[in-house]
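Common to both upcoming complexes is subunit A, partnered first by subunit B, then by subunit C.
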Partner chain A sequence: MRSILPVLVVLAAIVALWYAGSVWLNSQWTYDQAARAEVEVSLAEVLADTMVQERPVLPAPHQVAAGLWEGLFGQKITSKRSLVYHGWVTLSATLVGFAIGTGLGILLAVGIVHNRAMDMSVMPWAIASQTIPILAIAPMVIVVLASVGVTGLLPKAVISAYLSFFPVVVGMVKGLRSPDGMQLDLLRTYNASPMATLWKLRLPASMPFLFASLKVSMAASLVGAIVGELPAGATAGLGARLLSGSYYGQTIQIWAALFAAAILAAGLVVVIGGIEKATLKRMGMGR
Partner chain B sequence: MIWLWGAILFWLAAWAFNAWAATRPFARTRVGRLAIPALFGVTLLVLWEGIVRGLQVPGVILPAPSVIWDTIAASVPTLWTDFVQTILKGGLSGYVIGCGSAVLTAIAIDRSPFLQRGLLPVGNFVAALPIVGIAPILVMWFGFDWQSKAAVVVVMVFFPVLVNTVAGLAATDRMQRDLMATYSASYWQTLMKLRLPAAMPFIFNGLKIATTLALIGAIVAEFFGSPIKGMGFRISTAVGQLALDMVWAEIAVAALAGSAFYGLVALIEKGVTFWHPSQRARS
Partner chain C sequence: MKDTAVTTAPVIEAKGLSLTFHTNDGPVHALKDVNLTIGKGEFVSFIGPSGCGKTTFLRCIAALEHPTEGRLSVNGMSADAARQARAYGYVFQAAGLYPWRTIAGNVKLPLEIMGFSRAEQEERVRKVLSLVDLDGFGKKFPWQLSGGMQQRASIARALAFDADILLMDEPFGALDEIVRDRLNEELLKLWARTEKTIGFVTHSIPEAVYLSTRIVVMSPRPGRITDVIESTLPRERPLDIRDSKEFIEIAHRVREGLRAGHGDDV
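Presenting the complex of A and B:
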């Protein structure tokens, strides 16, 4: 708890820097306007103007906060301008993709741990695939699936699933292998079947690893869903909000969407952290 | 149909071979370690080719590997310009600036426990955010050319490297630092001779994570506007024209570049942290 004060100080410093930056970056426009109107502006006027511009280069924090508030609570949640609506579109794709990716990832990890041929053939590729910028194929997945008639939620979910898949595989393989020789030998003396070993020893032992990789893959699948909304055609979702904002120069809209995405990501990770804490506590591994 | 059955037959045969070979002593040799995954990769390609040819999948849905290879061979100059624009100019320069400034920042805040306690939670939090979203803003600020892509990469790689470096600088234990103190080593001597070398495994961990992030940042930032070259630009326009063989060619280049980049960093790591148990165990 003693780290609350430092965190607050750092956050305050960031906000202060942000204000300074928005004054610095936005003042150019104010001076240009004043020169065009051939009026002299005082420093105080410039400062006041940089805080309330319609399309600032860098919106001041309170403008972003107002935009975020307006988007979250100022509309009906079914409205096309509501960030809750867009956030829900993104969130549903994220969650579906996350569920698919994690499920498949755990299954593959179980296969890898139990089958030596699979381990030797698949594992190097699973590791190598993490070095590949997979996100780059997102637009293609969208277009290809649209051309075979699959549109809406599923294409984005496929991208999310793909991104969340490999962290889970790698983490779970590590986790399922974490029981040491003594423990495995004990189960062998009990004449336990591989299935029983999996359920009673390997899966429980892998829980800390699973949650660590779930956090990574949750963040990854949110990024996947957002990037999946970037290609032309998407009209709803936080990614589409970002893109339309960048087309029309609506900087406040971009920042508000960005912060909505950040809040969403933080919320999801916190939820997983809570489940992790509860689970590990029940299992006696909690701190 | 002959293609499809041939591919499936090849798959079964290769799988049977791998299942057999994985239990032999051959699997423990260096050749075996490379050959078995390589065979699996080849099998995937053969299966892909067989399915596309056997089921007559149209090229706008999934081009066959041979078609993609023809495209790569035919458009080397285009791919090379895109590679230079995105990877070398956008990705690499951003990577160097971002990682360099992250390491320097970590060293700077290392002297102040107050700043560390404040910055670490914030850094950890930011590292989990979808930072890619900042791309449209930076593209607006820095223009369409590679500078904006480099800026996106800087922001993306900064926090993972920062967090890892701070953790690494804390990795020396009291005994080691006391030893340096008994030598009456100055702060800088302790930093250069003990703490930075001890932090290297952590720093390289961050650097390796950052390689992938750098490529993702550079490519995705191009979706928000770019000059008429670059891998992200080529991918988004080729998707629009349904020229999927070109998209796959770019993806192949990106995959190759990503693995090579990662491999290079891993190789440097091997040279720098040769003393670390994780490196010694392998040889």
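Presenting the complex of A and C:
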């Protein structure tokens, strides 16, 4: 309980700074409006106005909170204006992409550890793939897949997988190589096959590395899914919500969608953390 | 005084064995012209300063290293064939238990890999755990056990599949003297009960003398055997045998052998 105080202090500081920023950035519009109407405004009036603008440069925290509340609980979750609905659309693409990315990442890592040719050739490509801005590649993935008749969730999941396989490859290569020479020698004295070595030693030894990677890759998956929603002009999903918000200058909507995405990501990482704790505890390593 | 067991067919036979590692600083002669025959049921210790090739020789027997010259047979076949036939159990300096497996799970590891039936796995685990005095610890995880108990578990793991040969590479080197004394005593009992052939690497003179039927003294640069000492101690050895005149004499001879092999730098 003692640790909650510093957390609250930091949170309060952030909120206070945010309010200050809102006043500073939004006051210009208030002054412009007043000048146009040729009226004088007092400081108190300016302050009050910066908190309630319809399209503020920087929405005040309570405006974003209200927008978020309204989006999450203010309507039926099937409504096009519900953040639960949009969140679910993005989440489903995220989870499919995460599954593909994780599976691919583990397979590549197993290949890299067992095959010298793959060891020399795959990693440079994997690194190169991550240097290309995802915003540049996303439209092409969607166009190419659409031309072969694949639309909807899958193209987004592919972009999501494209971002999420990398941390898994890096973490799992490190994890699969973590057993030391003695542990490998031990299995050689049993004349163990490479398959047995993988299942009995390398994979269990790599679990802590895997979970560290999964947390990074889950966040990357969500980013991938949101980015995948932008170029296609999608009508559903948190990315679509961001896009339509920016079309119409609905800054509150943008910020509410951003927070919804952040909450979703945090929730997903917490879920992985929980699975990690349970798994490592069962493996006798959770101390 | 020769033990009767020694006279039977050799279990391990090395003839003119050499092993040269090629490093950036030129060749390193880890082993040079090593000749040794170990009979069934013998307890042979290898002692010498670091770099004398005692561990390398043990690893050659285990086919973890491959000699560059000479002949080596284990159980009448090549070392590689013997490894594939799972002829030996190997105990490393560190227990090296898998932290994600219980003690029973660790002992079961070789049995799973070698494809023993489930029922037989359980039976064997129970048997070897009781052999090393760890009954009731099967469900514990390694970190819940002391260093000495972990090393006992690793010995149980090496015994689980009942190979005739037990190769031990400084298994008690990292343990304190009190624990080491007890484990030495227990190892002798275990050896008497299982009648295995044991190859044991150590850098402790009392340990070598207390345990062995034969002590192989080695020296470095190049790694070679300088003396082989037959122990005159009886098979039954209480701990206080180490105060006997006979024990001290053998220890003295080992020390002399080590000094001779090491030249002037002792």
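Everything that follows uses one rule, which is that the second predicted complex is superposed on the first by the 275 of 287 C-alpha atoms of A that agree within 3 Å, B and C clash if a C-alpha of one lies under 4 Å from a C-alpha of the other, contacts with A are read in each partner's own complex, and residues count from 1 in each chain.
The criterion applied here is as follows: a contact is a pair of C-beta atoms (placed from the backbone, for glycine too) under 8 Å apart; a residue touches a chain by one contact, two chains touch by 3 or more.
This is a predicted model, so every value here is computed, not measured.
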Exercise for the section: Name the contact category of A:R188: first (subunit B only), second (subunit C only), both, or neither. Expected result: second
Practice task
Considering only the touch criterion stated at the top, classify A:L210 as touching first (subunit B), second (subunit C), both, or neither.
Solution key: neither
Exercise for the section: Applying the touch criterion given at the start, work out whether A:V148 contacts subunit B, subunit C, both or neither, answering first, second, both or neither. Expected result: first
Handout entry: Partner chain in contact with A:K200 - subunit B first, subunit C second, else both or neither
Key = second
Practice task
Name the contact category of A:A262: first (subunit B only), second (subunit C only), both, or neither.
Solution key: first
Practice task
Kindly classify A:M283 by the partners it touches after superposition: subunit B alone (first), subunit C alone (second), both, or neither?
Solution key: second
Problem - If touched residues of subunit A are counted for subunit B and for subunit C, the larger one - result: B
Exercise for the section: In the overlay, answer first, second, both or neither for which of subunit B and subunit C A:L176 touches. Expected result: neither
Practice task
Based on the superposed arrangement, let me know which partner A:V223 touches: subunit B (first), subunit C (second), both, or neither?
Solution key: first
Problem - List of subunit A residues in touch with subunit B within their complex - result: 2-3, 5-11, 14, 25, 57, 115-117, 119-125, 128, 130-137, 139-140, 143-144, 147-148, 215, 219, 222-223, 226-227, 230-232, 238-239, 242-243, 245-246, 249, 251, 254-255, 257-258, 261-262, 265-266, 269
Handout entry: Partner subunit A, residues of subunit C touching it in the complex
Key = 62, 64, 83-84, 86, 88-90, 92-94, 96, 98-102, 109-110, 112-114, 141-143, 161
Handout entry: Touching residues on subunit B, where the partner in the complex is subunit A
Key = 15, 18-19, 21-23, 27, 33, 36-37, 39-41, 60-62, 114-119, 121-122, 125, 128-130, 132-134, 136-137, 139-141, 211-212, 215-216, 219-220, 223-225, 231-232, 235-236, 239-240, 242, 244, 247-248, 250-251, 254-255, 258-259, 261-263
Problem - Of subunit A, residues touching subunit C in the complex - result: 182-183, 185-192, 196, 200-201, 204-205, 207, 283-285, 287
